[in-house]
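Consider the two complexes below, in which chain A is the common component and chain B and chain C are the respective partners.
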Partner chain A sequence: MEMANVTFEYLPGTPLAHTALTDINLTISEGDFIALVGPTGSGKSTLIQHLNGLLTPTSGSLSFRGRRVGVDVSPLELRREIGLIFQFPESQLFEHTVADDIGFGLRRQGLTGPEVASRVENALLQVGLDYAHYAQRSPFSLSGGEQRLVAIAGVLAMRPRFLVLDEPTSGLDARGKAAIFDCLDRLNSDGVAILMVTHSMDEVAESARRIIVLNEGKIVLDDKPERIFAHASFLRGIGLDIPKAAELVYKLREKGFEIELDSVSVRSVVDSVAAAVKERCAN
Partner chain B sequence: MIEFKNVSFDYGDDENKINALKDISLTIEDGEFVAILGHNGSGKSTLARLINGLLAPSRGEVSVDGISTVDSSAVWRIRQQVGMVFQNPDNQIIASRVEEDVAFGPENLGCEPAEIRARVDEALAVVGMRELAHFDPHLLSGGQKQRVAIAGALAMKPKYLVFDEATSMLDPKGREEIVATTRRLNSDYGITVIFITHIPEEAALAGRVVVLSGGTIAMDGTPQAVFADVDALADLGVGVPKARLLARGLEQAGIDIPDSILTVDDLVAALC
Partner chain C sequence: MRFGLTIGEYYPVDSPVHALDPRVKILLVLVFTIAVFAVVNFSGLTAAAALIVGVALVSRVPIRLAVKGVRPLLYLLALTFIIHLFTGAKPWIELGPLHISVPGARSGALVGIRLVILVVGAAFLTLTSTPIELTDAIESLLAPLKKVRVPAHEIAMMMTIALRFIPTLAAETDKIVKAQASRGARFESSNPVTRARSFIPVLVPLFLSVFRRADELAEAMEARAYRGGEGRTRMRRLEMKGRDVLTLISATAVFAGLAWFGRLPLV
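The block that comes next holds the complex of A and B.
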């Protein structure tokens, strides 16, 4: 997916006109795991709605696999390849059973019986829910975390190659969050590209391999996590946090510790900090 | 004082009974700041709704200042004493101007107009929203709307405030606003706060943390004591502050660190 010089204006030509995105250039490749972060109102939701054709740019263009969106490929075709999962997607569950809910999109596409059943089973497997246990239950009898997974399964059943998620873990408990990340990691290792919008920098630190920072409708940083968080004071200035693990490293450096930072996950920061502390004690 | 004596609560009828709370006994003293943690479905919200009589216990008794919540002659007094702030700010705001929304409670208490004016102004000042008194609530950020909801509860002059995951739909800035506001209400105004959350960092700021699991109280103590056992909490489906995880990792790597670490600053101090 490629965005070239994309600018988007809400209500152009009216007194309420507001430019939400300015000159966005972005390439998303197969297998990417991207976190899109930015303060409230920075344009994150506007950007992701472009990715499956819900919004079309005021100027600039998008292309998917080299084909121009809206010219060579219709938004409808795009939506078959790119799954978009909104915030609190469980609020869109409506069918009597989990299996019917997940199969709804497939039946709308004209698929029938055995094909629907096998895709539903596979989608449940992908989100880590047991088919025999869940398929015939009402989605409304499930916990919040399970409902969220069922809603995600409904999108996965369409077999997207690129999944876009808006705040997929908000409101979930620790177990529910872990289940979502296990699912995303599995999909990503099967080659599905992931782009998720999140406010939780600690989550970003554990999962994403690339971070895009939006501020006032512009991309201000686009890099690997360990490099992004080197801009700690800039990020704080625009109202973003940095992960606790990175914060520890920076605060220890201020105290004179020499610590390398090649990832901002808890595990790798623990290793680097332990090594630095031991070396300091040895001297 | 809020007291739960052997309280159980069942949802549903006899055939499909869900036992949401099982024989809970809990005392919350005046002036406390108690955080309640627990996995989804652990009974947190049921517990919150029992405090002000929105739900009545199936067995046992809940009392506020010695008055049972099932005493129908006292339930309005209890609801005035116990304010609630829920998860979604949009579901709690009913008026088209901030100050009118905050006035809704005292109007229904039958207060005199001058008294209503005074209560609204004070409540908005406490949450730092005085300047936006004439705003339309839908133009506010999530954190600001949630502060309006808090002001609405404050205008009832409550002794107790219950926050049921009041930060979970907010961004980090909104969350900070709410946490700071609740701490100020507790320390400067003496309001007893019961703060239900999924976020361990928020619970760590409380004086006391109660962990619910499967409808029973699994842990009850200071944040330092409760968060010391990372594995036990993981089994209960509850996370710990990230700084605590980092500390534990370092401990396992052979570095001597106390198990009372809750913030990055604690950790930096312990390492230097």
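The block that comes next holds the complex of A and C.
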């Protein structure tokens, strides 16, 4: 997936005109796990809606596997390959049963009976819900976290190769968040590229292998997590946090500890801090 | 879904028309409507159109936005004109099997143009006043009717809430449509039955959300001890200034002149 010089303006030609994205250049490869962060109003939602053709750039172009979106490949085809999950996706549930709701997109594609059933079962499995227990229940009788997993399953049933999520964990409790991340990690290790919009830097630190920082409609940073968080004061300046684990490392470095940092996940930070402390005690 | 200004939506610029008391604007639209109905010649309608262009210039609202409101009326206009064309009086023009009435063509054109002028004129009311200003104005204008038990405050409150939720629900609809499109829904089928069915995945979540919002709003209002109109004071008070009164009187005089001119035996 490639975006070249994409600019997008809302309501062009009226007094309410507003440029949401300016000159975005972005390449997303198979198997990527990207976190898209940025303060409120920085254009994150606008950006991801371009990825599956819901919005068309005012200028610039998008291509998917070398084919121009809107020229060589229609938005409809694009949406089969690229699954987009909006914020609070549970608000899109509408069918009588969980199975029917997940199968909605498949039936729209013209698939029938056994194929739909097996894909639905598979999608439920992917989000970690038991088919026998959930399939015939009404989606409205489930808890918020379960509803969200069902909504995500509805997109996974289409078997996208690239999954885009807008704040998939907002409003969920710790267990709900963990369920979502388990699911995303599993998908990613099966080769599905993932791009998620998030506010929580601690979540970013755990899973993402690449972070894109958006501010005022422009990409300001695009790098590996451990390098991104070296710009701590810049990030704070535009209203973003840095993960607690990374913060600990930087504070210890200020105190003279020599800590190597090749990942900002809690586990690897614990290991490198332990190693540094051990070394200092040995001296 | 489309973005942007819908017909007659508030157009935010500063102008003398925007600054006018909304009550004056409502009253003037009423007077203008009566005047335009009194007009029975084309010269009068031309004068009315000229007045609208004048208002458009002063209000700095592109007249194109006001004219957009006519589009949904086009069928109605065409139908009215055709009915007038074939049901008028003598003299008749015979075009093969068709009998066309000359006075019918004239009155059809008059009615059509009159309707366009009214719609475009009225559009400037909503283009230059915010919905809140309008509901405040309606409450204020209906206030005398409270004596005969017309619930003016409640009517205005209902209108305010309805208007307030239009953009919210539009955004919500947009979001649900996009979410369902992302999972493979299509809305552009040419078969009307398929097309109507394709909106079920949008309507069910939308209704759920409307009821949830209504519930939450009612609770929030009760939590703030809202009890309706009696004895309430307001944050924004409508104040009729000298300029407003002057505009009301002079514009009413102009519209009276328009009605008089429109009844002269001209073309």
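The definition used in the following text is that the second predicted complex is superposed on the first by the 283 of 283 C-alpha atoms of A that agree within 3 Å, B and C clash if a C-alpha of one lies under 4 Å from a C-alpha of the other, contacts with A are read in each partner's own complex, and residues count from 1 in each chain.
Simple rule for what comes next: a residue touches a chain if its C-beta (ideal position, glycine included) is under 8 Å from a C-beta of that chain, and two chains touch if they have at least 3 such contacts.
On a predicted model such as this, the values are computed, not experimentally measured, just so you know.
S.K.: Which partner chains sit in contact with A:L76 here, chain B, chain C, both or neither? Use first/second/both/neither.
M.R.: Second partner only, chain C.
S.K.: Applying the document's definition of touch, where does A:D241 land relative to chain B and chain C: first, second, both, or neither?
M.R.: First partner only.
S.K.: Going by the touch definition up top, name the partner, chain B or chain C, that contacts more of chain A.
M.R.: Between chain B and chain C, the winner on chain A residue contacts is B.
S.K.: So, does A:G128 touch the first partner chain B, the second partner chain C, both, or neither?
M.R.: Once the two structures are laid over each other on A, A:G128 reaches no partner at all.
S.K.: Answer with first, second, both or neither: which of chain B and chain C does A:L172 touch in the superposed model?
M.R.: The first partner, chain B, only.
S.K.: First (chain B), second (chain C), both or neither: which does A:F104 touch?
M.R.: second
S.K.: Please output the residues of chain A touching chain B within their complex, sorted ascending.
M.R.: For chain A paired with chain B, touching residues are 39-40, 143-145, 170-177, 199, 202, 239-241, 243-245, 247-248, 251-252, 255, 257, 266-267, 269-271, 273-274, 277-278.
S.K.: Quick one: which bits of chain B touch chain A in the complex? Just the residue numbers, please.
M.R.: Interface residues on the chain B side: 38-41, 87, 141-142, 165, 168-169, 171-174, 198, 234, 237-239, 241-243, 245-246, 249-250, 253-255, 264-265, 267-268, 271-272.
S.K.: Give every residue of chain A touching chain C within the complex, in rising order.
M.R.: Answer in residue numbers: 10-11, 14-16, 49, 52, 54, 76, 79-80, 83-86, 89, 91-94, 104-106, 108-109, 154-155, 158.
S.K.: Report the residues of chain C in contact with chain A in the complex, numbered from low to high.
M.R.: Within the complex, chain C touches chain A at residues 3-5, 11-13, 175-176, 178-186, 200-201, 204-205, 208-209.
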